[in-house]
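These are the structures in question, set out in turn.
Here come two complexes built around chain A, the first alongside chain B, the second alongside chain C.
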Partner chain A sequence: MNKTMMRVVGVILVIATFLLISECAKKDKPILGSSDAASAVYVAPGDYDEFYAFTSGGFSGQLGVYGLPSGRLFREIPVFSVDPENGYGFNEETKDMLKTSFGHIPWDDSHHPELSQTDGVTDGRWIFINGNNTPRIARIDLKNFETAEIIEIPNSGGNHGSPFITQNSEYVVASTRFSVPIPQADVPISSYKENFSGTLSFIKVNPDDGHMNIEFQIMVPGYDYDLASGGKGPSHGWAFFSSYNTEQANTLLEVNASKNDKDFIAAVNWKLAEKYLAEGKGHKQPADYYHNYMDHNSHSAVSEQKKSVTVLYPAECPGLIYYLPTPKSPHGVDVDPSGEYIVGGGKLAAVVSVHSFSKMIKAIEDEKFIGDAGGIPVLDYDATIAGEVTNVGLGPLHTEFDGKGYAYTSAFITSEVVKWKLGTWEIVDRIPSYYSIGHLMIPGGGSMKPWGKYLVALNKMTKDRYLSTGPELAHAAQLIDISGEKMKLLLDFPTVGEPHYAQGIPADLIHPNTTKIYELENNTHPYRTLSEKEARVERKGNEVHVYMTTIRTHFKPDNIEGIQVGDVVYFHVTNLEQDWDIPHGFAMQGAINSELLVMPGATNTLRWEPKKVGVFPFYCTDFCSALHQEMQGYVRVSPKGSKVPISF
Partner chain B sequence: MGALLLIGTYFFPLWSITVEAPQYPEGLGIYIRINTVDGHAKNDLKNLNIVNHYIGMQEIVPESIPELKYMPAIVGFLIVSGLLVAWKGGKKTLYLWLAFFSLLALVGLIDFYLWNYDFGHNLDTEHAAIQIEGMTYQPPLFGTKTMLNFVTTSLPSWGGIAAFASIFMGFLAAFLSWRDKQPV
Partner chain C sequence: MIKKTGMVLVAALILMNCGGGDTEAAKEAAAPKLSPEGLTQEQIKHGIGPIGVLTLGPQDEALAAKGAEVFELKCVACHKINERLVGPPLAGITTKRSPAFIMNMILNPDEMVKKHPEVKAMLAEFYVPMTFQNVTEDDARAILEYLRTL
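Let's turn to the complex of A and B:
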């Protein structure tokens, strides 16, 4: 073998070795210890998961309910989007839940679920979630897992920074992603700087029944407000809002809103706001928004139009709000369990800036201001900063806490979770996410009491993680064990919609308290039918009301005659069952809305306008018993003006 | 003392029948009380009647069972007479009381069995959706029996146990008084 040959062979060997190494490096899935991971997430048939996880639906507008550690999907709760599966938003009872000042809106973009808290600990009573597109906040009752209330937010565009909660659920807060003319007006878009404003809204939560009311809004300069967090412990009484586009650009924001070295986190003293309100500093201003809630016993939405809102102006309320400069277009703002650290994810930087609440209070006392922005004092960065976490990965977005002194930040661009220590700001571990993580969630990780056992990475891209379903893919979540020193990937599971944020809570705080049936004797629906003897059909002009009952396994009445083309027929279906997990469905041929899925003890109403003469069947859609297939009936539709009498 | 135990039958159910099935992992159950029949849980009787209608079993309507109307008075008489016997009565009245009580208990059990038999056999074959040749659905008096998808368990409950204890104490008293009489 000559030298040239040897060189060639040597080069080939080097290349081969390199290829082999890079091939091995590509296998990012854990090979060793994967059986440990399997047993760690295995929930035996019939056993329960340790935690509930609630994932926002993103562009589905709904709320997903999962179990952890199994990653099993239990239910998708309809919130902002209609759901023909159970009639939500279609039936007469729930359609007003989606009423807004723009009319009936069948969809929204839901980003951030937030559990109610008592003394800084998630209590399992309610979960709130925002509607981003048509600004709204919904409250879901965790006894029956149904949307109980939706309130529209006036003076807002893009309700992204919401609904974040204070430590005793005094308020959920909301901020405007898009500043808009307030009140709305026909102005040139280029007059953004003069005419556009933002608002920070404080929605009071009634501690007994959870009912929401927009207590006050704070008028703020026209930046893009992004996310928020309630103070806790020492910082209880404050709320923090991140912002970007302090440049106040109105076009090509990806360039024009990324110029400033620092944008702001707004710190709002809401206890002081309450004082100013009591002193009459609030301006009652005209507004137009809807407040919709379910009446518990009639299972029907009550919809109220509201015509005014109370607004506070920072210039009239000194000390109400301060700006903390934070690099660089910060996204998440997260207060740690102790309430001392305010963590800003510098979305476009590779740095996480941590402000100190106590230093902030001192800086305010010492008047360490570097100027003002729109009349709001801007604090000196060096006077409030407690530390910076550097090399945290590119695109740090959100931070959650494990209650053991560590913080976990998601880095979108470098697609990883980075674990770092509060106080020393040193990075102790990092783990990849698949791919491009947005939010992350630790059960209780945004409250004063995290259950620091699992972390869920909520990713924006899926690519090759699962069997392909074409161009449109499920989103991916990864369950990571954070109980030890090193993070361990346990499970990868697909999610419905596009989860942004999520919430987790020990199952014991919810599971034992759930509703099994609605008591028939408490049913106050105006068209209820509490026994088969009362089942009937009544005509009122061209309106026909069918008082119908269901019980295994028949409808009463099941044959209805005397209906005419042009009638408006209301099927008021009461499910007489009082047994758990025995809903009955009601589906009418040719109904252009949806079916009904009636829970035991409840009454739901389907509106049907027959267009054709003939005999049309209806049937039960929920396989309720061995004779489910026999659960059916007919409606005879006669021509308009026919002499066929109503009979049943 | 035995007679006083009988007071318990006013407050506690005499008998308990529980059914379990794949669809009812939590079980459905009814209590037979001195004056009525009701569910272990609020809606159990209603749900049991719904389930039973598939096989054509008669609905259990407590108001239509006449025995439940007489029973409180009969037991009341037993208590009062038992106390009188304990206070004043001699051996003979004790034996008489005991014989009467035993007879009533026996009649009661036979009656309960007959009701069970009637519910289990007297099926509405015209309306029953599920009819299985030769199948009857009589719950057992004591113990457990599997019928289709249901496992039925029938046992005395606290009231029934009190009644048995009462009768046992009556016999004990009778035995003791009989032994006292025997030459040592």
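Let's turn to the complex of A and C:
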């Protein structure tokens, strides 16, 4: 065949394949576009959605807030990434939230949101989310939808298996996807097997204010720990962590970490860990990490550097941890609402393996071990397994539950959601996803009380689902009705960043409790200005502090003179409004910074280093009233050493 | 022409439909007379909100002093005593408005601005709606006492 012929045949093949795929897609979506699907997701103007959905931002580092069933985006909450839209990470108050042992890091990769729980039920108080790249866990307060706290996880690389929660929010857990030398050391990468370890971290959550503290870490062999799930009901007191790369390869993992037929799910008895800690088995080891949290009344971050962490070693703590062999490089590990079944997504095996918690306890009692791995007892697969779901599609990753006896597993390679029955392990339904589903989410689907009405498929590929926006496309979420026997596709909606996991919760558990304003009387910001009478400008050497107020529709002061090139100017802007939905913005021409967006009753600070002589305007950026365009002021900047006095 | 006829017809139908019988007319006569906005005479005079008719005793200086403090914190950004700022000047306000009207304006500005014809007219003059400043009923009463001293 000559070159031209080959090209022609090639083009024909591509077209044929495309047509085939389009045709299949069309056949597979009978419900889409039909009027019953439309009415099922229609939320009339002014009406509210039934559920909140919180989607991780993935490489955006943020957290998306959507309504279900409409799929409407309400807000993107900045967590690990700076956000010029509201000044998060830019203004003086929130900068320190992003402080780490490596310095101020303005970005991360957020994967798994996890709602707080009381008695195994999501309670709408807080939502936690992991930072994958520079290991961190954040807590977002669901009263004001702001990031309230970020804690760095020491002795970790790739904080992927995180922050899964225990039944009463006693702990959120974290595990190292990338094992690293602990403590960090200058060693050859090829010495992986000798020098690299993993850690499983248990971060205690204060039940009153949600504050996090790394209670203990368990030192484990240097595998890749992937995901986790808290025990519940009978398995409350245990946590489960999936792992791959038990081969301990350090190069070309796609081949070298895919050799073993089974890797492990680690079962950790954290109640026993507490006992060992009380007995003094914990080793206080040097570490370096930051704990940052927002002080509620000053609206300012407090940043603490921590210098040690308590570590437990399995060899010194018998019964603390067991390995459950699970095929093959398992990804998700998900405990069902009853707490009896521990479901491992096979990933590289077309099977979902379901371990039984009660059988596991029996196997431990009967010492059904097939050996040990790095000093950790490995249980006999046949002694713990309750059943296998076969023909589950290729690349089974994650499983959620509807609370009605069914489980739903995502299959990445075959792009589908597979519904199967707990106990009989039979597949009862399957529905395609468009395309390449990763996580899936049922509101409460990872807790003891799922609200099994909707399922959201979180897809990795978008391709032709929306109007094209060039090479970069929004990721596609899909809403599936799971209230009946057969799953029904209702809606596609685009998402921000790359959602990995998501959480859903009835709106009633959050909506009525939200903060509308911050009370001025409670503002304890050191640079607050609680009335216009106190508005002023003060010079301290080359630092200038502007105590500024905003109210519809003026700044006080609005004209400032006596600033010099070389000064460091801090605009401390207090929003005197006490009315819901009236933030004021503040933007300064030439400031190498973002804007401020100051909520009613709060104080935010913009730092500005004027570089040029002249008169420069500032203005309100958030359309606040009919006279918003009048809300402005000027700063006169004189040369360094000028005699122009401070005036305002 | 056709359009006009059509509109007249529609209007006639609406009128017929809504005309009601004698009983409804009788009911209307018995009910308190409402303003075109659907407010009672009392609401026109004393405002819409949690405060009904309020009769004031002699001036309470301690309460007025407390009111001045709250006023400094919550009100001065928009109100001066003798000149217009965001809102109108407040000197002599207690002689122009009833005590309940003033307190309802402080406590329930949103509804006042939306429904009260005189407050609506003020919005057209000042452009920025009066805002609730998160004050309690006690605070509002203290502010009223302070305003009596002006």
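Observations on the model:
Note that the second predicted complex is superposed on the first by the 617 of 648 C-alpha atoms of A that agree within 3 Å, B and C clash if a C-alpha of one lies under 4 Å from a C-alpha of the other, contacts with A are read in each partner's own complex, and residues count from 1 in each chain.
Going forward, a residue touches a chain if its C-beta (ideal position, glycine included) is under 8 Å from a C-beta of that chain, and two chains touch if they have at least 3 such contacts.
The model shown is predicted, which means the values in this text are computed figures rather than measured ones.
Steric overlap between chain B and chain C is present once the structures are superposed on chain A.
In the superposition on chain A, A:I517 contacts both chain B and chain C. In the superposition on chain A, A:L530 contacts chain C only, with no contact to chain B. Of the two partner chains, chain B and chain C are each touched by A:I551. Of the two partner chains placed by the overlay, neither chain B nor chain C lies in contact with A:E388.
Touching more residues of chain A than its counterpart among chain B and chain C is C.
Within the superposed three-chain model, A:E609 lies out of touch with both chain B and chain C [touch as defined at top]. Applying the stated contact rule after C-alpha superposition, one finds that A:D579 touches each of chain B and chain C. Within the superposed arrangement, the part of chain B that overlaps chain C, taken from 77-85, 95-103 or 149-157, is 149-157. Taken together, the two structures place residues 517, 551-553, 577-579, 625-627 of chain A in contact with chain B in one case and with chain C in the other.
Only residues 72-74, 76-78, 86, 127-129, 131-135 of chain C touch chain A when the two sit together in their complex.
Against chain C, the residues of chain A that register as touching in their complex are 517, 519-521, 530-533, 549, 551-554, 556, 576-579, 582, 601, 625-627. In the complex of the two chains, the chain A residues touching chain B come out as 517, 551-553, 577-580, 625-627, 630. Per the touch definition, chain B reaches chain A in the complex via residues 26, 42-43, 46-47, 50, 53-54, 129-130.
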